Each structure stands twice: as C-alpha cells, then as structure tokens.
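Next come two complexes, and both contain subunit A; in the first it sits with subunit B, in the second with subunit C.
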Partner chain A sequence: MFHWLEKHPFFFAVGVFVVIAFAGLIEIVPNFAQASRPVIGTTPYSTLEIAGRQAYIKNSCNACHSQLIRPFKSETDRYGHYSLSGEYAYDRPFLWGSKRTGPDLHRVGNYRTTEWHENHMKDPQAIVPTSIMPGYPWMFTTNADIDTAYAEQLTAAQFFGVPYNKPVPMKDGSTTVVKLGNSIAEAHAMALEEAKAVVANMKDQDVKDAVARGEIPEIVALIAYLNRLK
Partner chain B sequence: MNKLYLWGIIIAIAMLGATYVTVGYQKGGLNGDIVNMLAVAGAVALVIITIFVVIKYVRQMQVDQASGELADESWDNIGEYKNELPMGWALMFLGTMVWGMWYFLAGYPVNAYSQIGEYNEDVAAHDAKFEKEYASITGSRLVEMGESVYLVECVACHGLNADGNNEVDAADLNARVSEKTVKYVVNHGSNNKLLGTEMPMPDRNGLFNAETGALITDKEIDEVAAFVAGGLKDTNSAGAKVFAGVCSSCHGPDGKGMEYVAPDIATWSQPLIVNVLNNGKVGTIGKMPAMDRLNSKQKEAVAAYVISLTQGE
Partner chain C sequence: MENRPLEYDYTVAKMFMLTTIVLGIVGMTIGVFIAFELAFPGLNTILGSGLAEYTNFSRLRPLHTDSVAFGFTVSGIFATWFYVGQRVLKVSMAESKFLMFVGKLQFWLYVIGVAAAVVTLFMGYTTSKEYAEFEWPIDIAIVIVWVLWGVSIFGLIGIRREKSLYISIWYYIATFLGVAMLYLFNNMEVPTMLATSPAGETNIGDWLHSISMYAGTNDALVQWWYGHNAVAFVFTVPIVAMIYYFLPKESGQAIYSYKLSLLSFWGLMFVYLWAGGHHLLFSTVPDWMQTMGSVFSVVLILPSWGSAINMLLTMKGEWQQVAASPLIKFMILASTFYMFSTLEGPIQAIKSVNAIAHFTDWIVGHVHDGTLGWVGFMIIAALYHMAPRVFKRELYSKSLMAAQFWIQTLGIVLYFTSMWIAGITQGMMWRAHDEFGNLAYSFIDTVDVLHPYYALRGTGGLLYLVGFFMFAYNIYKTMTAGRRVEESELQNASPMGA
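Here is the complex of A and B:
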C-alpha cells in the first residue's frame, strides 16, 4: 500500500493531509458540534418573530446594532450575560454584526419594553434626546410579510430539523412547544394571535386598528422579535 | 600558512572596515549610541565565526578521506557510515520527548488559555476592587453613585430629571405615587413583589371601608387617590378618612407600610426600590423590566438617589 502511495503523489498528499489534520479534527469537530447545539431555554422562532426578524434584516438594523455580547466585564455589565454560541442555533443567518453604531441588542428584551420600542422606533429623539438613530415611521404602516416568514419556518423545519411542534427544554426544567401552522392560513391566524398580545401594550391607535382588522404592521412583528431577544 | 586562511583574514578585515565606516558616518558615530556599539560587536562576532567555520569545512572537503564502518543498508547504491549520534542533538531529542510528555499530560490541560477563564478572573478582580473601594460608602457618595448608575441604566425611560416619560409611560420618581396609579391599584389590585415576595393586594371587590361597612366607592377612590398622591398630608380631607377606613389596616395609619404585609406608600424606601429593581413591576402605566444586573451596592445606591429626589422638598 505504501509503495502504491509513493507512486501516486496526489493520493500521497491527501494521505499526508489526513494524518496531519487528524489531531485538529478530533479536537475541533466534536467541540464545535457540542457548542453549536441549542442552549437550554433557546426556542425556535414563532411566525411573527421570524417576520420581525426579516423586518430587522430588511431595514439593516444589523448594520448599526450587533447581537453578540463579548465576555468582557464592561459588556456584561451593560448588556447582561455574554453570548453563547448555542443561543444562535436557530438563527439563519446569525446577526452578530461587526460594528456598534448603536448598542448591542442580543438581550434587549430583558431591559426594554413594548411601549419603549413603539415610541422609540417612531421617534428615537423623543425618548433618548442625544440619539443619532433615525426614526422608522413606515414600519407602522407597512404590513409584515407573514407568507415569507412561514416559508422560512417550513424550510427550517423540513431541511434543518428545527424542532417545531416538539417539546423544547427550558431553564426551569419544563418544556415549551413552538407551534408551526399546517397551512399559510393557520400560520396567519397564529401570527395574528401573537400580534394581539403585543398590541395590547401598544398605544398607536392606527396599529391597534390594523391588528383588529387582521393586518399585522411590521412594527408589531419587530417588537415581538426584539422582546424575545433575551 | 594556507592560502584560505589568508583570504579569510583579508575578507574579515574588509567587512569589519566597511561596517566601521558605515556606522561611523552616522550621526554621533560609534560612541553616540549603545545600540550601534552592540551592532558592531555583533557584526564582528558573526563575520569571524562565519569565515572560520566556512574555512574549516572547505579544508575538510579538500583533504578528508572517507573512512569508517559502512552500514549494511544500501540505498540505491548509496552507502552510509555508522556514526555516533552527536551528543548535543541526542540530548535535545530526548529533552523534546520529555517536554512533550509533560506538555501533553500537564502543561496544556492545566495552563491552556480560556477566554471565559480570563473573563472570570477579570470580574473577580473588578468585584474585589469594587468591594474594597465602595462597599462601605454611605450618604452623599452613595447618592452620587446612584446618580451615575441612574444616568446609565434608568435615564432611557425615566428621563434626565427623573420626572418620568409620558411617551414610554415611565413613572415620575419625584413623587411616591401619582393619582392615576392609586386609582389603578385600587381598581385592579396589585402584586408586584414590592416586599420581595408575592403579596397580592386585592382589587376594589376586596377593599372594605371599615367606617361605612361597604365596599369602596368610585367617589371614595377619587378622594383617597388625591390624598395619597398629595403625600398623605391633608389629614382633614375626605380622602384621609377613606384612607383610615380602607388602607391603613395594611399600609399603616401613616402610610408607611408594614413589614411582610404592605409597602410604604408615603415615601420611597430602600427595600422597596431594591425589590422593584430585582423584580420589575407591572402597573397602570406599563411594565418596568427588572434591572437585576446591577450589583447589590448599585441597587442600594439607586435607591439612595431616588430617595434623595423627594427629600429636597
């Protein structure tokens, strides 16, 4: 066999690579597989949250806001526990971001509320006078794209095995089931139910009316997404 | 003398001379700078060693005869002499093996770098420093710390003047309770862990007025709300009577609350504010998230700051 290898430089090179890479492979691959497993307490995104996430991406929130708390005292003081890789298990793509023009948002759901987001997205300077963030008033009139959100969920469930409709372990030992609609109509109905819960804490009458009519403005989906970032 | 040695000496002198001239032309020359001196000394050593080592091997190639015992193996008719291992090399080889064992078994597992480990050390060092410098501060320094924490953590909702923010419905911290809050709490009851534990207050269907013997009425709610929001000062008002009949059995005749029973609704108190920071609260104007990331001294400081806001009056 070795004689054969000596005569075939290409396969010899492949063999050398495998031998040299072996130590790296047995150290890196299992560790990586372990770390990328969902952290206990991380749940798949609901339809409305996915729609909010898509609005987040569409409006390039990640250009100014990171979602990655590094293990430094100064960051954990400000934003909470440092991020774990398993917390991004259901993020496709992850939104770590590379530049903080605004603050990190990875755990913004812990210290901001629906009402705060509502007013802040409409007119940031009314809440934080020195803010340089622009307002996003069109989110209050544009409707969220629930169809695409549902499509993304279906893809995640079918091709990536994201555990929709299955019990997911939580930190307190209980389990939670994130439901995935069987049809677009059902997904719409479920998203609307969720939207109603968010809107109950909002004040904008136009948004409330829209949800009562069965529409879901983008801002509602976005707030549902931001509130879940914990 | 061999011709080679002569050439060696000539080249050495030429190179050293070139080095001397080059360095000497620089500002300050050789005497100006210890680094220049070292460079020249290094150059001298290098040139001399190089030339003599080269000469040695050139001589060897010229005069050496192959000799010694041939090994049995023949590699495509190229033979090999049996030589002793050079001592230096052998020692390094063994040393590397010993070091490798140590590194595999102890060196790496014990001393490996961990980002989280560094973070934990950092936090421990910071906490120790914080403890040393701030654990025992009181009075105005505590209020100052509270203000600085407030300006970072609380200002986004409660505002620079701590007067709350109607847009996001954050409470005005310059007064203990607003009329709106009193009305809401009486109408809906409350359970905000203000005492640190679950301690629900009943809604209006559980609030009897001991003086009239009936449930609290809308008019009485308006009266008591005005009285409580006014700081429980106007003791002759109708609200004061309602308070005595309905509220004082738990909140005390002076509104200062009772331990394990009801919170102080007359003034801000430290345990109350710390409990709100720990648990957050939900009330008439919305939800306040828990700010439990602050350490206990910082919570105390925020409480001191909020208390100081109302003491000025």
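Here is the complex of A and C:
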C-alpha cells in the first residue's frame, strides 16, 4: 500500500490529511458546544474595560503574565480561587499566557488597587525595587482607542450573541445589565463616566486633567480592566 | 538531451537563502536583546524613554518568535524545497515558465508579508495568540503565499520524471497540508469594522483590528492545537525532510532503513496532533483531553526517535566523516538534539512534571534546544550543502565552519542548562510552603533568584548569534571569493577551502 501511495501523490496527500485531521476532529469538535457557557457572575466587558484589554494585548502583557490559576494549594494561596472555564466566556481572545515571568493576573483586581497600578505601571521599581518589569509611561500620555473598543463590543454582540443590554445573573441572585452605547458618541460618553470613577483614585495630575477635558489615557482603561479581573 | 544531466534552476532557492540568513540575523539579534533585558532591565529604555514603547520586552517578544519561526525557519523550508524538490523529482524549474513565475511571486509576496508583519508588530498590532499574532490582512497574505507554495509543490510533482516520491517529499507535502489546516482554523477572526452600531454607523475604529471566532477555553484549545502543531509542522516535519535529503547526500550513505522511515512518518503524522493538550494541563479544558495530550506526548517519542535513529544509523561504518567534516557534525548534532528535545518534551508533558515545569523557563529552554540545536543547525547545514552547488563555488572556509560549530554548540549548552536550573528553581519556589503552611516565597523572590541564569542564557544566545554571523560571512565569501568548482567535484562531500 505504501509503495502504491508513494507513486500517487494525490492519494498520498489525501491520506496524510486524513491522518493529521483525525485528532483535531476528535478533540476539538465535541467540546465546542459546551465549554463556552458563562458562570454566574461573569458579565460582558464594558467599553472602557475592552479598551483596557486592547491596551493589555497591544503591549503583550500576556508574554509575561498568565491569567490561569491552576488547582494547586500553592496557586490558590497566592492568587485566589482556581480559574473556571465559564469565567472566560467573553474572552476573545483568551489571555491565559504560557509563561510567568511576572505573577498571574487572573484575580489581580482582588488584591491590587487603582493607586498601586498607577504607580507600578509608571515605574515598577519604585514599588518593587528588584522587579525586572519595564515601565509603561507612554500609557499615561497616549489616549485609549475607544472607537475600536466600541467596534469590538458591537462585533461580539452582533456576531457572537454576547448579552449586552440584557440582564445577566449575578452570584447574589440579582441581575446586572451591561449597557452598550447606541452610537460612537454615546459609547464615548459612557466610557468617560467610567473613566471618571477610575481617576478619582489616581494621583497623576496630567491624567486627571486629560479626563476632565474628555480624553481617556490608556492607563485609565488598563486599570479599569485590571480592576475587573476578580 | 537524454544523456546530459539536468540543469537545475536555483533562482528561487537563492532568493529564499538570502531571506533565511537576513531574517535569521534579525530574529536572533532581537532574541539576544530581549534575553538580556530580562537580566538587565535597564536595557528596556536603551534608546531613551521616548522610544521605550518599541524597545521593551513585551513589544519585542512576538517579533523575536515570529521572525525566527516565520522568517528564518520558513525561509529555510522554502529555500530547501526549491533546491531539493527539483533534484529528487528529477525536473528543473526552468522547464516550466509557470512554476518559475509562481515561485518568484511567492517570494515577493512573502517579502511584502514579512515587512508588513514587522511594522504592525512594532506598532502593537497583535492578536495576542502565540505564533499567530498577525492581524487579518497579513493572515490573508500568508494564506496566499502558502497556496502559491502548494502550487509549486504539486506543480513540480505533476511534471516529475521520477515517479516514486522520495521521503523528503512526503514531509514537504505534510508540511504544506498541516500548516494550511492549522493556520486557517486558528486564525478565524472577525474584523471589528464589519459591525454596525444601532445608530447606523459603520467602519468604526481601527480597520486592522479583529476578534477571535472562539472564546475563552475554546480559543485556548484551538490555539494550542495550533501552537503545538506549528512546532510540529514548521520545526519538525520540514526539518526531517531536510535531513532525509542532505545527510545521505553529503555523506554518500544510503538511508539506513526504509521501513523505519515509513513507521516514523505515518506515526508522526497520526500522533503529533493529539499532543497539543499538554500545553493546557491543569487548565479549564476537559480532563480527558489533558490526559490524551499527556499520553500521546509520551507515545510521540517513538516516531521522533525513529527518524533520529534512522539518521544516526545512516552513518553506520562511516563515523570518521563526523570527525572529518564540520558539515556532517552540524547534521549529526541536529539529529541528536532532535532526540534530546523529543525526550525532554514528553517528560514535561507528564502531569506531575508539568505541574512544576509549566509557566517556567524550563519550557523556554526546551523550545530552544529544539530550535537552536535541531532546526537552526539543520538549516545551517542545508544551506552549507546547497551553497557550492547553487553558486558553483567551493565553501569559503572549513576552519571557520568548524569554529562556528563549536561556538554555537557551547551557546546552546549554556542556554538550556541555565534554563533548566532557572525553571526548576522557580517551579519549586512557587510551590514551597513553610512549616506553618504559608507560602515560603513571595513572587519577587523567585524573580531575584533567576538573575544569574538569565545573564548566562543571554550569553549562550549571544554565542549562537556570533556563530550565525560567522555562517553569514562564510556564505557571503563563498558567493564572492570561493574557488570555482566543476560539476564533478559536487558528488557528495561538499568542497571546502581551508
């Protein structure tokens, strides 16, 4: 059979394809239907959070920080409850990372504050003297791309049925609605409201002034995203 | 015509040889730089804080991985294909204007794609998925390049004189099909400009931005099915294609066993794809899938070692050639590193080992003994073997080649030993508890302890890079100053100057 295949390239290629595609079919297809149900208490991302998430991705924070707490005592002691599949239901893309040059961030919102992030992102060594993390000072002067964040929310809602403007169940039995703006202008206004709540806890006067002018520096969006990781 | 040897046309092979070397230098230089950034964080602002956005570790890391994988390695795959393909199919590119055109088009589109990828990654356009960071327009360009390569492969096969496909061709076909399937499925994404706001606005935001078709755990599953098998079909399968051609050719020895090559090929094809799950052990993907990933990773030793042993036994009775020729040394060490990293990988895929190894530098070390030792050495050897035949000149310097071999080998050894120690140290410190059951170390303790290993790793990488510059210089001098040789000198062992 093999000698015959080696003289018939078409059938050879078909044979190879069947053999390599087999594992994918078995492994991936059956899981798809079930893995993406959100756990109770997981809400879609707000415009500002998405903008922060995009800043996180733009700077490849995931190259050094994971967002996946494994079910070991040493990890739950350090980072909190181990991660659950449904917590990632609105993550496109997933940001588990593959290397912990720095610590895991999946529940960083539980134990770090806005002010801590502000100081740390500007100059990590000011907070942790021997840290090898670079500073991200440009995030304080570059504005977040709210338009693209809004477009991403719309895409998630229109193509993947992410429940914006719909009640989602919370852990205490209540429901929450994450609003999605009707227009670019409204999305900006909503993001700005959220940004104001974040900068209330920040010290940097330039950032405060920028938000007062109606701009949203990347750092504000990033902190909104990090604070939501719980 | 009948009695004359075929005149092969290496135009396209030469073009890709150039990008192999240039992109190798780019990717490895960035690699060495970011390695030292981890040891000496001050390097993150080496060009001043104004440009820090473009010189910091996190922005450069995808540039390193993508330029060595899709730049250096993929160029090497293409370069060797446009050389090996003609020779084992006994047909010249010059016989088909169409295939020549397709080959050149593939090259220029590839160059444009690479340029676009470099610029966008510097600017921070990334999908964040490892080895699939490119945004959607570049993905489309890559698919076109890949399809053109498929046209080359099957076009050349279509007009072949040698009816039976040699082993290397099996592996090139598998590379083409495997990467096509993986790349398409993993890069399914929706450009966000396609959405419309309730107020009727369209084309909102950045046109380059897209989001993944899959969410959360599913996205992770597809990504590591891809990520692991990108290693299979970029760093393993085509490299095996190369060694099956270049080692017998350079040594003048026949392949030790046809049956072993059959077993290894079909075994590798079937087993490799299951193993992706070992990147997701103890994650939120279903348990049975993690176990499958673990088990098949161990089974994977068989086909991997099958190929490697087949290569080593090909040298049976001719081991003096390893001592005599630095070119053979490169290939023998490559297949030895192949054995080494295909044993190390399965060990790391065992659940209890993975609990310590995952997220640490041991994984980084594992990748690099595969890529530096196996992929890098094999591509270097392939280009050394091709150069005299393509340029019709003697290799410029044998002693330079030998020096390069030892410098790079030392570099690899420093790299993986430092990363072993770093990874296991960090993994053990993360999980250590004191006598009261509290964590023994804060995270920063586990960073501080790695400093010497990071410095050592950077040094290892630097040695490898120095060796690569020696390689580039040797090839350049071969092209420009090597002694001209006749076809009769090019039977087996490559002619080398002192």
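Heads up, the rule we're going with is that the second predicted complex is superposed on the first by the 195 of 230 C-alpha atoms of A that agree within 3 Å, B and C clash if a C-alpha of one lies under 4 Å from a C-alpha of the other, contacts with A are read in each partner's own complex, and residues count from 1 in each chain.
The criterion applied here is as follows: a contact is a pair of C-beta atoms (placed from the backbone, for glycine too) under 8 Å apart; a residue touches a chain by one contact, two chains touch by 3 or more.
Remember, predicted model here, so these are calculated numbers, not experimental data.
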Exercise for review: State whether A:201 touches subunit B only (first), subunit C only (second), both chains, or neither.
Suggested key: first
Check your understanding: What is the contact status of A:149 with respect to subunit B (first) and subunit C (second): first, second, both, or neither?
Key -> second
Check your understanding: If you count the residues of subunit A that each partner touches, which comes out higher, subunit B or subunit C?
Key -> C
Exercise for review: With the two complexes superposed on chain A, say which partner A:77 touches: subunit B (first), subunit C (second), both, or neither.
Suggested key: both
Check your understanding: Of the partners subunit B and subunit C, which touch A:2 in the superposed model: first, second, both, neither?
Key -> second
Exercise for review: Would you check which partner chain A:11 touches, where first means subunit B only, second means subunit C only, and both and neither mean what they say?
Suggested key: neither
**Study point:** Which superposed partner A:126 touches (first subunit B, second subunit C, both, neither)
**Key:** first
Review point. Between subunit B (first) and subunit C (second), which does A:90 come into contact with in this model arrangement: first, second, both, or neither?
Key: second
Study note, to complete from the structure: subunit A positions within both the subunit B interface and the subunit C interface are 71-73, 77-78, 128
**Study point:** Footprint of subunit A on subunit C - complex, ascending
**Key:** 37-38, 41, 44-45, 49, 52-53, 56-59, 61-62, 124-130, 154, 157, 163-165, 170, 173-174, 177-178, 181, 185, 190, 192-199, 201, 204-206, 209, 211-212, 214-223, 225, 262, 266, 269-270, 272-274, 276-277, 279, 282-286, 289, 292, 296, 355, 358-361, 363-364, 430-433, 438-439, 443-444, 447-448
Review point. What residues on subunit B touch subunit A, complex-wise?
Key: 115-116, 118-119, 122-123, 126, 152-153, 156-157, 160, 165, 167-169, 286-291, 293
Review point. Mind pulling up the subunit A residues that touch subunit B in the complex?
Key: 71-73, 76-78, 80, 82, 110-116, 119-120, 126-129, 201
Revision key, fill the gap. Touching subunit C in the complex, subunit A uses residues 2-3, 6-7, 9, 12-13, 16-17, 19-24, 27-28, 31-32, 35-36, 54, 57-64, 66, 68, 70-75, 77-78, 83-103, 125, 128, 130-138, 145, 147-152, 154-160, 181-184, 186-187
